[in-house]
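Both complexes below contain subunit A, partnered by subunit B and then by subunit C.
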Partner chain A sequence: MLLLQGLVLGVLVGGMYALMASGLTLIFGVMRLINIAHAAVIIFASYLSWQLLRVLGIDPLISIVILVVVFFIGGALLQKYVLSALIDKDLSLALLATLGVANVLEGMEGALWTSSFHAINTGYSDQTYHFGDVYVPLIRIITFVASVIILAGLYVLLTHTNLGRAIRATTQNRAIAQLVGVNVNRITMIAFGIGIAVAAAAGPLMGMYYPFYPNSHWGWIGKLMAIVVLGGLGSFRGTLVAALILGVAEQVTILYVPANWAATVFFVFLFAVLIVRPQGFFGHVARESL
Partner chain B sequence: MRFLRVTRAPLALTVLALVATSCGLGSSSNNAVTPGADIKVGISEPLTGDKSDIGTNSDNGYKVWEAVVNSHGGINGRHVKIIQYDNNSLADTAVSQYQKLVTVDQVDVLLGPVSSALVIPTEAVAAQYNKVFVEGTGGSPQVFARNFNNVFFVQPATVEHQADPLVDWIKSLPPDQRPTVAGYPTNDDPFAQAVVDTVQKAFEGMGIKTGYKQTYPPTQTDFTSIGSAMKAAKVDILVQGSVADQDAAGAVKGYSQVGFQPKVSYFASGPDSASTWLDLLSSKAEGTMTSLDWLQESTVPGNKEFVDTYLKMFPNKDNLVPAEAAEAYAAGEVLAAAISATGGVDNAKIISWLHANKVQSVEGKFGWDSAGRPQGGTFDLIQWQSNHLNIVWPLNVATNGTKPTIPKPSW
Partner chain C sequence: MNARRVIAVAWPLAPLVILIALPFNGLNGFLLDLFYFTFTYAAMSVGWNIIGGYAGYISLANLGFFGLGSYVAGLTLSHLGWPILLTAPLVGVVCALVAAVIGWIALRTRGPSFVIVTLAFTFIVQFLALNLKDITGGSAGLYLPLLSMDPLLRGDLFYYYMLGVLILSIAVAIGIRRSRFGLGLIAIREDEGKAEGSGINTSVFKIVAFMISCWFAGVAGAVHAQYLNYVDPDLAFELIIMLNMIVMTLLGSRGTVWGPVLGAFILFPLQSYLVYWLPSTIAGEVHLALLGVVLVLIARFMPEGLLVTLQKLIVRRPPPRLQAVPADAATSARP
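Right, the complex of A and B next:
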């Protein structure tokens, strides 16, 4: 029964990890850019959701809608006016720019909300259901369902719309996509905006799970990158599978051995997979001409 | 053939940038050249990182001490000037910053950072330069293990004795009311482990079985599986080796989500952060316990001025002062007393004087043994009851005669 409890909790938290990492993999797929600010964006969205709840009484699930719109616009503008120019010169400059964004957000959060821990508490935060001896917290069901809905929406967008086809074409081969008439600069801007918007959607959900503080994003970015690498850079399916594996590995490991080993178990698994399959579960080896 | 366009160059640059950022060098809050008459006091605090909550509280306490001392004309007519850095909760950074404080900033005296985890590596720097090192929060056994004679811990007792009132209270219960199985989830931190190890030894001597004992990393925020394991082990008294609000509040949230409901819940740290504990947990705070070395309403000399000044400088809606601020303030008081008594900042004289005298501070009046352990004080057991933090043990100092609530309300 204890193992079943761990599996249930692992799958539920894995759903949230998948949402947190999906924007990162989308941005990498389209731009070949590791967005170091991704987790910082998530934490920033957590703060804004906390503030909206505290000041205006807006439920975090409602605030997702507001944040997604605002962050999409912000992300698209950041890509168009800052990152695209830097990428044209040197990809490493854009990478450093995302590091700068992370530091700016962190500093701003510290100034606005202090460095103390915050948590998003709602009226339903305390509810939990139990089926026999297996407890399933309502908040985890909500975050899992919300994550699945958002990820499903993203999947439909990418596979059943012209915009999605253009994004996938740009991801697979930027030059050929351009040759067949895709406005890759515009598509890249939109895709980056979507990636940031997905991160914003994860913020309120994450904030209902865990206490957060301005530089807690450094603890998350490594975990999210590991998920993206294990799943295969740029692969949504891979991100989902890897996130579920990480969630289950963490929760089940803690049941039987010290929690210090939870992350280790995941990374041992990650290294083992990468030795056998360096491109991750669903990644492709990008071959380029010499 | 290349598989990815990402080269090593940006990664190397990123690592360099991250290292530079995490070192915190150049982040001094006060780099101004100080007048010769000022007493320069060096401090490194975790204002960011996983200890940022207690670090900020402690830093505020030091700032209040600086303001109060200077409002009284300084020490022996010399104003105090704090030179402080943010160590980002990283021990290596704190060590390098204390070296910089001594060698570059040439401070006269040092005050310690918050937490045993940061005191242990940095006290060696102070010893290397023969600097007095007064600190208010690092009280684990490892702090005193190297017998440095320059370290002075300003709390009534060392952390092995922090949970003594919990043990005394459980011992006082009739056998049929005592909890029978204890759980000890513990942060990988010397302070937390010292508290938990002492309680475990005492409880096992009383026949309370150990149902769960595991260490978790300082960054742990998800405690649902730990709660599930303790529930399966039928733990009915929780003694959590928590260090910050993050792990204490995260634990309560996780435990409530999986239905782990012990009769008693004691945290090494967390419930005493009065200003944030209720915000983080609301009704789940009810019944949680910890130990207290200082009380906001205390009538010891100097406490009223400290509390009033703190609330003036750092107002908050609940008018609450965190314990870490009082501990830092008390460290400053002890240092000031020694400087005043010895007539200057000769660190050797200050160290000798502190070993020979008892000092009154907001933490009480006590002296130190040769390794800096406080002598003669005790802690109190406190519990959240109806949104108030009450002293519940020993009974002779209990708030308005309140008693510990057992079993605690469900969270």
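Right, the complex of A and C next:
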């Protein structure tokens, strides 16, 4: 029964992990760039959502809408004015620029909100439901459902719209996408903006689920990287499956070992994948991306 | 050998003599410390440059090796009584051997796995330092036996020790730059496929470069543990150390011998001044954010770094590659 508990909580948290990692994999797909600032963006969105709840009383689920718009614009501008010039010149410079952005966000959060941890507490935060022997906190159901809805929206966007087709074409082969008339620079900008917007959507959910502090993004980026590597970098479906696998593996591990050791699950998977099958388990970057 | 050539080869002796002579002229404790830190950062940046600049692979593991060096040195001192200043080079060797394993996992393939693995490695070492409480003391850290000597003499000792490590790092960087090994690394950076095609065993080259790079991080970490007489998971894996290595190298000029040294000598004193000047409640946060801003600005507007940029300004000579082909030959070759 304990195992069933771990399984249920694993799937619920896995849904949120999928949302957190999907932006990272989308950005890697179109730009071949590991966005080291990805988790820092998520945490930044958590802080803003906390602030909106505190000052204006805006529910975190509502603040998602505001943050998505703002972060999409911010991400697109960052891509257009900083990263795009670097991508063409030297990919490693773009990588280092994202490292710089991560530190700017972390330092700024520390200066604005101190380095002690915060949590987003709503009126419904503490409720828990029992289904037989399995107990499920309401907040985990809410974050899971919200994550699934946003991911479904992203999936429809990528598979059923012209913009989505252009993004996938750019991911698969930039030169040929350009050849058939895709404005790849513009698509890259929009795709990066979407990736950051998805991170922003994950922020309030993450902040309701776990406490956060300025440098907690380092722990998260490690987990997210393990997820996208297991899923095959750049593969959207792979990322979803990998997030569920790692979510369940983590929650089941927590049942048997002290909670702080559960983080090792991610590193074990990461290194095992890279030793056994460096291209990940769900297709290859160049061949299949969605 | 004419005078110009002598200057071109022997100029580093001048600052070297000055740096050796400085402590004899009553350098106070504050300045001794400032130089000690600058030397440490310069040596680590030169080390980072070997994998990050010469070979073009961004490593985020050097911070992990700095911390690993601190812990290995601290543990051998407190359990076996081996003095750190003697064991530091061997601690570096331990780090280099671990780097070989990490390199084997991450560098067999090209592309993004290296940066992911090196970042994960730093997390893992920090995680183990925090959670293997019976060995490392967990978050409380590890107090080391003090070096019992006069404080000013102690300052001198660390000053000269890290100056020695810095000179060694520069010598190694020059040696690599002039060797076939160094050429191979640069070929890997420019075009790994072609480098492999021309007979370079790219995996071995990259792994050896990574090992050398991490040796310096390990030695610096070991010496720093003795300097603080203390090791803990926050200080040994402070993110700002990693950021500094990278920003200093980039500011000076990536892939050059002297760039990282220049970057460290400019940035470290500036940062000490900044942290001294800022209100202490937010000094750490503003410091981190500003360093991040500097990194983004350098990457965006001066990616070649000071040394190369200045060289271009002063020399005003078109790069030799363009000179090799006469202008008319170039135009006539056009269809």
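Quick note on the criterion: the second predicted complex is superposed on the first by the 265 of 290 C-alpha atoms of A that agree within 3 Å, B and C clash if a C-alpha of one lies under 4 Å from a C-alpha of the other, contacts with A are read in each partner's own complex, and residues count from 1 in each chain.
Note that contacts are C-beta pairs under 8 Å (C-beta built on N, C-alpha and C of every residue); 3 or more make two chains touch, one makes a residue touch a chain.
Keep in mind the model is a prediction, meaning the values are calculated, not measured.
Chemist: Following superposition onto subunit A, is the placement of subunit B relative to subunit C best described as a clash or a fit?
Modeler: clash
Chemist: Which holds for A:183: it touches subunit B only (first), subunit C only (second), both, or neither?
Modeler: Neither: A:183 stays clear of subunit B and subunit C.
Chemist: Looking at the overlay, does A:117 come into contact with subunit B only (first), subunit C only (second), both, or neither?
Modeler: Touch status of A:117: first partner only.
Chemist: In the superposed arrangement, does A:126 touch subunit B (first), subunit C (second), both or neither?
Modeler: The answer is first: A:126 touches subunit B but not subunit C.
Chemist: Tell me which partner A:34 touches in the superposition: subunit B (first), subunit C (second), both or neither.
Modeler: It touches subunit B and subunit C both.
Chemist: After the superposition on A, what does A:159 contact: first (subunit B), second (subunit C), both or neither?
Modeler: Neither partner.
Chemist: What is the contact status of A:92 with respect to subunit B (first) and subunit C (second): first, second, both, or neither?
Modeler: both
Chemist: Contact-wise, after the overlay, does A:254 reach subunit B, subunit C, both or neither (first, second, both, neither)?
Modeler: A:254 contacts subunit B only, not subunit C.
Chemist: Just to be sure I read the superposition right, which of the two partners does A:215 touch: subunit B = first, subunit C = second, or both, or neither?
Modeler: It touches subunit B and subunit C both.
Chemist: Does the superposition put A:270 against subunit B (first), subunit C (second), both, or neither?
Modeler: The answer is second: A:270 touches subunit C but not subunit B.
Chemist: So which bit of subunit C gets in the way of subunit B here: 37-45, 55-63, 181-189 or 289-297?
Modeler: For subunit C, the clashing option is 55-63.
Chemist: Using the superposition on chain A as set up above, list the residues of subunit A that contact both subunit B and subunit C.
Modeler: Shared contact residues on subunit A (touching subunit B in one complex, subunit C in the other): 32, 34, 36, 92, 95-96, 99, 103, 106, 110, 115, 214-215, 219, 233, 260, 263, 278.
Chemist: Can you check the complex and tell me which residues of subunit A touch subunit C?
Modeler: For subunit A paired with subunit C, touching residues are 28, 32, 34, 36, 82, 85-86, 89-90, 92-97, 99-111, 115, 214-215, 218-219, 221-222, 225-226, 229, 233, 260-261, 263-264, 267, 270-271, 274-275, 278.
Chemist: Note which residues of subunit B are touching subunit A in the complex, please.
Modeler: Listed in rising order, the residues are 1-7, 9-10, 13-14, 17-18, 21, 47-50, 52-53, 55-56, 88, 188, 214-217, 219-222, 224-226, 228-229, 232, 244-246, 249-250, 253, 256-259, 276, 279-284.
Chemist: Give the list of subunit C residues in touch with subunit A in this complex.
Modeler: 52, 56-58, 60, 105-106, 108-109, 111-113, 115-117, 119-120, 123-124, 127, 131, 239, 243, 246, 250, 282, 284-296, 299-300, 303
Chemist: List the residues on subunit A that touch subunit B in their complex, please.
Modeler: 1-2, 5-6, 9, 13, 32, 34, 36, 91-92, 95-96, 99, 103, 106, 110, 114-119, 121, 125-126, 128, 130, 135, 137, 139-140, 209-211, 213-216, 219, 233, 250-252, 254-260, 263, 278-279, 285-288, 290
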